[in-house]
Every structure is written in structure tokens, then in C-alpha cells.
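I have placed the structure first, in the form of C-alpha cells, so that the comments after it can refer back to it.
Per-chain numbering from 1; labels A, B, C, D and E assigned in written order.
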Amino acid sequence: MFEISPAEWTAILLSLRVAIIATLVATPFGIALAWLLARREFWGKSVLDALVHLPLVLPPVVTGYLLLLTFGRRGLVGAWLADHLGIVFAFRWTGAALACGIMSFPLLVRPIRLSIEAVDRRLEQAAGTLGAAPWQVFATVTLPLALPGVLAGMVLGFAKAIGEFGATITFVSNIPAETQTISSAIYSLIQTPDGDAAAGRLVLISIVISMGALMASEWFARRATQRLHGN
Amino acid sequence: MFEISPAEWTAILLSLRVAIIATLVATPFGIALAWLLARREFWGKSVLDALVHLPLVLPPVVTGYLLLLTFGRRGLVGAWLADHLGIVFAFRWTGAALACGIMSFPLLVRPIRLSIEAVDRRLEQAAGTLGAAPWQVFATVTLPLALPGVLAGMVLGFAKAIGEFGATITFVSNIPAETQTISSAIYSLIQTPDGDAAAGRLVLISIVISMGALMASEWFARRATQRLHGN
Amino acid sequence: MLRVDVTKQLGEFSLEASFESQGRVTGLFGASGAGKTSLINMIAGLLRPDRGIIALDDETLDDTSAGVHVPPHRRRIGYVFQDARLLPHLDVRQNLDYGRRMNRLAADPAQFTRITDLLDIGHLLDRRPGKLSGGERQRVALGRALLSKPRLLLLDEPLGSLDEGRKEEILPYLVRLRDEGIPMVYVSHDAAELRQLATQIVMLKRGRVTALGGVKVLTQA
Amino acid sequence: MLRVDVTKQLGEFSLEASFESQGRVTGLFGASGAGKTSLINMIAGLLRPDRGIIALDDETLDDTSAGVHVPPHRRRIGYVFQDARLLPHLDVRQNLDYGRRMNRLAADPAQFTRITDLLDIGHLLDRRPGKLSGGERQRVALGRALLSKPRLLLLDEPLGSLDEGRKEEILPYLVRLRDEGIPMVYVSHDAAELRQLATQIVMLKRGRVTALGGVKVLTQA
Amino acid sequence: AAQDKSLTIFAAASMKNALDEIDAAYAVKTAAKITVSYAASSALARQIEQGAPADVFISADTDWMDYAIGKKTINEPSRVNLLGNSIVLIAPKDSKIDNVNIGPGFDLAKLASDGRIATGDVKSVPAGKYAKAALEKLGAWQAAEPKFAMAVDVRAALTLVARGEAALGIVYSTDAKVEPGVKIVGAFPADSHSAIIYPVAATTTAKPEASNYLAFLRSTAAKAIFEKYGFKFLVSPST
């Protein structure tokens, strides 16, 4: 039961790489966007907000299809990126990371936004009177105090990235060693009559991975709140 | 382009019903669980936490399959519920609501938990000295102060419930007027070579629905924060 | 009668206080950091002593050796916090009514008006705490505790942020309350205030009771 | 020189204050709710006047008719808030150092030690604000403002929660600061404190300046 | 040219077990490195349209192959209608239903009584499309339509029947044979629906090696494997 084939190992490592990169790359954008949504009023804000939630609302295959049309080799953005910057998403693991990043983006942004909204502005004011420019206030007060939200967003995003396959398989297909993540491997196995045992094994593995991520984040969060509320 | 067929109307209304019921029924459980996770230490807490996140981590078809095993007509819980309480999920819209509720549960719980964790305990203590029992403190202080998180969780959950289809279709399949939501309709259309136009129309509709939900929640949240920080 | 005999370790700070007060108003006097707030937090039930006993009249509120700890909401002890702690989502009126509602007491409009008039907060009733000045907040907190009809009042520098004029209005009222029989523990570092109000003084210094007695012990300070 | 001539509406409360102070310490005196905090919030740049001018020395900080509003972090005005507002995620040392770091000033260990000694907070440096007593918090806030080397200090009842002993230690230091040339605006309702420290008094009553002049105006109050 | 013997195959997910075995045999024979991406035919056809690095496309139905040919991404002469399949009526292993004669007058609705009939989505999943066509031809569709539970793919339909959730199911015989939880209770006459065909073809960007692979798919060795999994081999095998 617990022998993991080399192909499965490849899928596991790929999933980890995809989910980690997706989460790490998406986090700064998520923080910036969360801050915009929490603290600024601007024209088109609710459209932007809706756009962020879109990957949640649409069936994943639709998001995957839209990604294929946009970032595919012949897609508008995809072609431009490939020609001018040499960045290729199509049918590469980078594309899987892009799909996972976009699918988990709403889950990343919301908790961060929530935490930023909860930061006491009087503390930010106090920092201002001590000479901190707005970006310094953000870096030294707002962001540290919103840390629990950032962690929560990252955990949700990571878990989603591990579980995502609808958009990924539609965008970059299911190519072993390049775009086949654990989730798409599970999908393939479920499609085969005798694949249930192997699928079950991979399901267990993805549970273990996410348990690990979860516990790591709880540990960080605990440390962060201890720093805040205790010594 | 914008003529909506009667069948599509049915799917739209069903989606709304499923998403609304799923969100409303899941919210009290989500609040209870969020409170447990935020405020109590108990044995098996991290297992419970992991369990909540599970639907996010697993490919939706796997969750759907597990639901089938558990809540199906011959499933452990399903059989018991059908025999003793007359509650049937299999092939019913209630099953779609169950699937959507479970799939969106992690998205519901996290923001609520985050907000509860952020509530200033000194205020809860003050309420206690005024004679409020713990459940009264929860109802009159903790919950109102965590309202932004409850709203955020409900929005994420609702959006997810509108977009969910993998677990739903696996669990209750796709029966027009009973379990066929917008998302499963979109999925079917995408699988047909000439279905893109019709799929696009339904995609627009689900975007509009979620935009509506989003804007309603923003409006509520704004009122709530005004009540908190302004007059 | 209030009996306190507790020890509590907070980081490096150790509190060991033992006193018994028959006085209707026990004045708790001591420098910043002496342990005054920690001590009344224990009386309120918000902080559990490491070891010891707290008893009010014939009721044991805390007894670590017997495992007794009455939770705060059952103590009927009103508390005016050093940092007001008004509920930000409720307006002033709701804050003032909160204790009454939680204890399911009948409304007492006469008492409500008397207290809001005394504290001069009648014009603030529809406002939320976020829009009050520091002193206004403190007055509402005082009113809130008074209106919850406690059997013991803990006051942690309740007049600290009030001007002389206002202090001189409120102090006599507190004296009257005392004379009507509501016992208080009153924290202050204003000896003059304590002289007017307290019937017994507990002097704290670095977590230890250094003097105990009538208001005359204040002159030794 | 500080010149203030502003109007501001806050709900039903209207503030209309106009004064010019050459004094090195301007004492702001007034009852609770008179508008003292609102006024110094405007001087700090945290509240924008509806109309008017605020100028410090030759620099215009606010001029609504010209659309001038210098943001708080460019004013170099230190502020000791009525409610300390220490940064909860930083320990006491980091709180004290915060202003220096944000302004990219060199460390000045001698000054640091002088101020922590004076305020008797040297033993708290590694603690977080959540574990301080009320008075300790206030002292750290005072130290933090002093260490940010401001060109004007706003103090909103900085000694309110301190005991007499401590007050009597700190006041002379503030007098010395004043004499070294750091101008201050000092909010207090303790006339005695203001008599020791202030060189000019602005008396506020319901949002209006009712008296202006030397400390002798305090006796008219 | 010996250096590039690697091929990428885009194949319908339902072919995984048969094709994995064939690829293993091909790899042994030619030392080629075969990578297969299994997904829904629709996704694969669209990916090829968007320039996916596929050499060979194996579709579960003719529609998506035709779609790909229409987009000029398939080397049309290389197309072969390689495999066939049949659809069967299944019931849970312990069902009382057995030996159903599916022909004119066949009343599926009555047979299901108050149970559900699981199949692939009749609009988008090939097996479902064939099932609907066959039932229409037999005049049983109208009555049975309300009882259908349309699954996301054949495997999901099969699971519904195996779990006893649905009383009956219509799936490919290939899938029905390997699922121990179900039994085949009837076969649809081949003339009740258009032929069930799995076409294969090389893409326009295929490497030369692809033609060797396509040839191998037509070999007797491949035939044996495909037939082992229940597919009908529709071409005369080369050696």
C-alpha cells in the first residue's frame, strides 16, 4: 500500500513546487491588493473586488480555458510574454503554478484584507507622528499587525493550490513530470477502473502535505499572537 | 445572446437556492467551529482543523466520492438519515446544497476564526464583570465584533457554492431541475464543441450573481464598520 | 467584609497581598507598577491567584486549595477599568444599559437619569465610544458600573482623566454611595481623593502590603 | 512660535480656536470635552481643520485656503497620546527606538539611558506593552516621544496616571527640557502642574478660547 | 534522428489502463520515451489548438477529433478510427434485474421503476450521447428521461451503480467489465446508435517518430492488449 512509485514521487514533488511557488509569488500581490481594497477608495473598486473573486465563482474548467486562451502559446498575453520576456506558461509547470496561483488568489486576499481592516488606525497615526512615512507605517505597523491574516490567507491558498486540478488540467494538461500534480494524478487514477487503491494512496499523501502546512502555519500564528499579546 | 432558455432559468434558480441554503445552514456551524478553533484548546484540535480544510486540499471529485460513500442511499450516515429522519441527499437538490456547503466550509470558517481571534478579550472581560455569562458575552460582544469576518466568510462561501460543481456532480450527478446548477450546466456546455457561446452566457450570469452577493456584503460590511468606528 | 490573601507571579513581578477590610471604602494606594490593578483584577475574578483566598462577606470567591473560583459574571462585582473598555459597537445608552440587560433587571429610568445627570453624559447617549473624549469615556464607564447594581464596586483611578471641577462633583456622589452602603475598592494615587472617600487604606509597594489602616496611614507615605 | 487659527466641526461639537503662542510651553487647560485633544490632533496633523491656519515658526503646516496640509510624519512633532498607543508588537526598547529609526537618526545611547532612567523604565525594555501597568505604559509613551527628537512636543495629560512621587520626578525634567528650548503644548486639568511648567495658558471652554495669557489666568478659572 | 524518440500523447482519460500497457510494450520495443497526458477529450483538443506539444491525439469520440481537424491542428491523413466500443446496461451486483432484452418495445422507465439511471452527461459525455441516441431509436427515451442522473464521466456513472445509488446504468462495456460492483444485464444493439469510435491521429507538429507509434497502435501486439480491455479493434492489424 505505501510504496510510492517514481512517477508518483515526481507528481508529489511537482505539486509541492507548484503550490509553494504559487503561494509565495501570489502573496505580495495579494497583500498589495488586500491593502488597496481595505484602505483605499477608488473608481472601479467593486469591479476589481469582483474580479478577484472570479476564479471562485466560475467552474475551474472555465478559468482554465480562459487561461489557455490568454496565456497559451497562441494567447494574447502568452505570445507576447514568450516573445518579449521569454516567459512561457503553456504546458509548463510554471503554467500549473499560474493556474494554482490564480485559483487560490481570492482565498489569499480575503483574510489579509480582513486583518488589515482590523488594524487600529490610531496605532498607525502614532507611528506617523514619530516620523514614519506611509510606506514605513505599512511595513512596520500595518503588516506585522495583519500577520495572522497573511498566514491564514497563505494556508488557504496553499491548500487550494494542492487540491486544484480543474483549471490546471484544462490549461496545461496533465503531462507527467511537467504539469502532472498530485491532484491531476488522482484524477487520472480515478478514471481507471483499477486505480482506486493508488488514488487513495495519493489522497493520503496530499492530506499529509496539507496537514504539515497547516500545522506549520498554526505554529507561526501562535508565535505571532504570543508576540502580540504576551511577551 | 441574452435570451435565457427556460432550462437555463431553472438552473439559475436552483443554483441560487443551493448556494443560499448552503451558506445559511453552514454559517452557524462555521461560527461555532471558528469559535472552538479560535478560543479553545482541546485534544485533537489540529486534526479537526485539518478536517475542516480537507475539502480544499482534495480534488473535488474525491470529496464528492467520499460524500457518496457517507451520505449516499447506502452510505453509513445517508442510510441512517433516510431511515430515521427521512432526510435524503442522494440525487436531490439537498445533496447539492450539502456538497456546496462542505466544499465552501473551509472558506467560511477561516475568516470568522480570524475575526474572533482579533476580538479584544479585555472587552469580553468587561462584559463578564457586568454580569454577562459566557454565552451572553459571545452573543453580545464577540460575535458582533467579529461580524466583518462572518460577512467575509459568507461571501467567500457563497461564491464558492455558486462555482462548485466537481463534488456536486460526483455526489448527486446532474439532473435538470433537481441537481443541475449553473456550474454543471456550464461544464456540460464546455464539453461540447459548439457550446462556447451558451457557456459564455451562463458564465456572465454567474458573474452577475456573485457581483450582486459581493456588493451586498460590502454594503453590509461598510455599515458594520461604520457602526463600529463611526457613529 | 472583603478578605484577600493571595499570591500571584506575573513575569518577574510577584504580588503577595493579604488584608481584610471591614471598611466600606478600601483605598488602594501605591506607586505605578505596585500591583494595584493586578490585585483588583483578582477580586473581579479576571485573574486567578496562584495561591490563596478571596472572600466577600460570607461568600468564598476564590480558594485555590479548595479549587473554588467563581467566574466574574457570577460575582456581581462592578469594575471601572483604568482603560474604560466601553463596548465599541454599542452606543453610550446601550453601554450604560448593558449590565442591567445581562442581569435581566427591570429598567429604572429614575436611577438612569440620576446617574447620567450626575456624570453629565446625558447628551452623549446616542453616540458611540469612538467619538467621545477621554474624560467622557471614563465617565460613561463609571456610569455603566454604577448602573449594573453591583454588591461591590472596584474603581481603578476612575477620576484620573477628569478635571477638578468634575472631580469635585463626582466625589461627593461616591461618598453618598458609600454611605448608602455599597462597598468599594478605590484605586488612586491622589491622597486627597482617598482622604475624602476611603474608610480604610491598603498601601501597596512592589507587590507587598506595607501599611494597613485608617486614612491616617496616607500621611506616612 | 505656534500660530493656530482653526475651526472644526465634530458631530455637534464645534471647535473654533485662535491663538498665538510665543511661549515655550503652552498650557492647554479646559474641562473634559472642551476640545483639547481635538485641538492638538490638528496641530499634529492627524485631524484636518475645516478652515484655518496652523503655523509653527515660519512653516505653514495647514492652510486650508491654500490647500496646504503637511502630513504628520513630515511635521517632526512628537505626541504623547492620552491613550499611550504603544505599538503592541514591539517591545519597550523597540517602541522607544521607533522614532529614531523612522527618522534614520544615529543611536544616542547616552540620551537613551538618561530618559529610561528618568522615567524608571529601564527594567521594562524587553517587555511588550501588553504586560505593562497603566502608568508604565504612559511613561514609555512619554519616553518614545522624547526620544524621537521632535521640534515641538504635544503632551495630552502625560502625567495623568502617575503617582505624586513620579510626577514630582518628571515635572522638573520637563521644566529642564523647556529651558533647553524644546517648545511644548501641554494639556492638563491640573492647575498646579501647569503653574510649574507652562509659560502661557490657553483656556478652552466648549470649543472656544476663553482666556489667553500667563499662568495667572489659571486663578480666574 | 535516434536522439529524439520521445513522444507526447494526448489521450482521453478513459483509455488510461489499456494505453499505459501499450506504451510500456512500445517502450520496450523501441526504447522510445512516451509521455501521456490523460484528460477530457475536449480539454485536449483545445490545448492542441493552442499549440500544445502533443504528437498524437487519441480522442474518446469523433466530435472532438473533427473539431481538431477543423482547426487544422491534426494531420488529417494520419487519422485512423482505431477502436470501437459498445454500450451496455448495468445494474448493481446484487440487483434482481438480469438478462434484459434490449430491442424494440424496450421499456427502460418501467425497468428502473423508482430508481435512477446513471450515465454520462447526454449532452457532453460520449457514452451519454450514445445512450440517448440508442434509447431514442428504441422509443424508450421520452419515458426514461426524467429518471436519468447524468454523471460527469463514465467512471462516475459506474460508481453510482456500483454503490447502489442508481438502479441502472448505461456505460461502455470496457468499463463495466472491470468494475466488480456491477453486472451487465443487457447489451444495446449495435445498430441502435452510431458507431462508437476512438479515433487517433498525429498532430501537424508531430515528430517523425509519431508515425512509428501510430503504426504500433495498429499492430497485433496492440490489438491483443486493447481487446484484453474489451475494446473492439476496428482496423486490420499490421504485424
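Here is the rule we go by: a residue touches a chain if its C-beta (ideal position, glycine included) is under 8 Å from a C-beta of that chain, and two chains touch if they have at least 3 such contacts.
The chain list, named the UniProt way, goes like this: A, B = Molybdenum transport system permease; C, D = Molybdenum ABC transporter ATP-binding protein.
Remember, it's a predicted structure, so these values are computed and weren't measured experimentally.
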item: Fewest hops from subunit A to subunit C - one hop per pair of touching chains; value: 2
item: Target subunit E, source subunit D, minimum contact steps; value: 2
item: Relative to subunit B, chain with the most remote C-alpha centre; value: D
item: Far-end chain from subunit A, centres as C-alpha averages; value: C
item: Chain centre separation in whole Å, for subunit C relative to subunit B (CA means); value: 45
item: Chain centre separation (subunit A, subunit E; CA means) in Å; value: 35
item: Chain centre separation in whole Å, for subunit B relative to subunit A (CA means); value: 20
item: Subunit B: positions in contact with at least two other chains; value: 61, 65, 166, 187, 190, 231
item: Subunit C residues counted as touching two or more neighbouring chains; value: 11, 83, 127, 131
item: Residue numbers of subunit E (touch at least two other chains); value: none
item: All touching chain pairs, where touch follows the definition stated at the start; value: A-B, A-D, A-E, B-C, B-E, C-D
item: For the subunit C and subunit B complex, residues of the former touching the latter; value: 44-46, 71-73, 75-79, 81, 83, 85-89, 98-99, 102-103, 126-128, 130-131, 144-145, 148
item: Residue numbers on subunit E that touch subunit B, as the complex places them; value: 40, 42, 45, 63-64, 66-67, 116, 118, 121, 123-125, 148-152, 156-157, 159-160, 163-165
item: Residues of subunit A defined as touching subunit B within the complex; value: 46, 49-50, 53-62, 65, 106-107, 110-111, 113-115, 117-118, 148-149, 152, 155-156, 159-160, 162-163, 165-166, 183, 186-187, 190, 199, 203, 206-207, 209-211, 214-215, 218, 225
item: Of subunit D, residues touching subunit C in the complex; value: 10-11, 30-33, 37-38, 82-83, 127, 131, 133-136, 139, 156-157, 160-166, 189-191
item: Interface residues, subunit B side, partner subunit C - complex; value: 122-123, 125-134, 136-137, 140-141, 144-145, 227-231
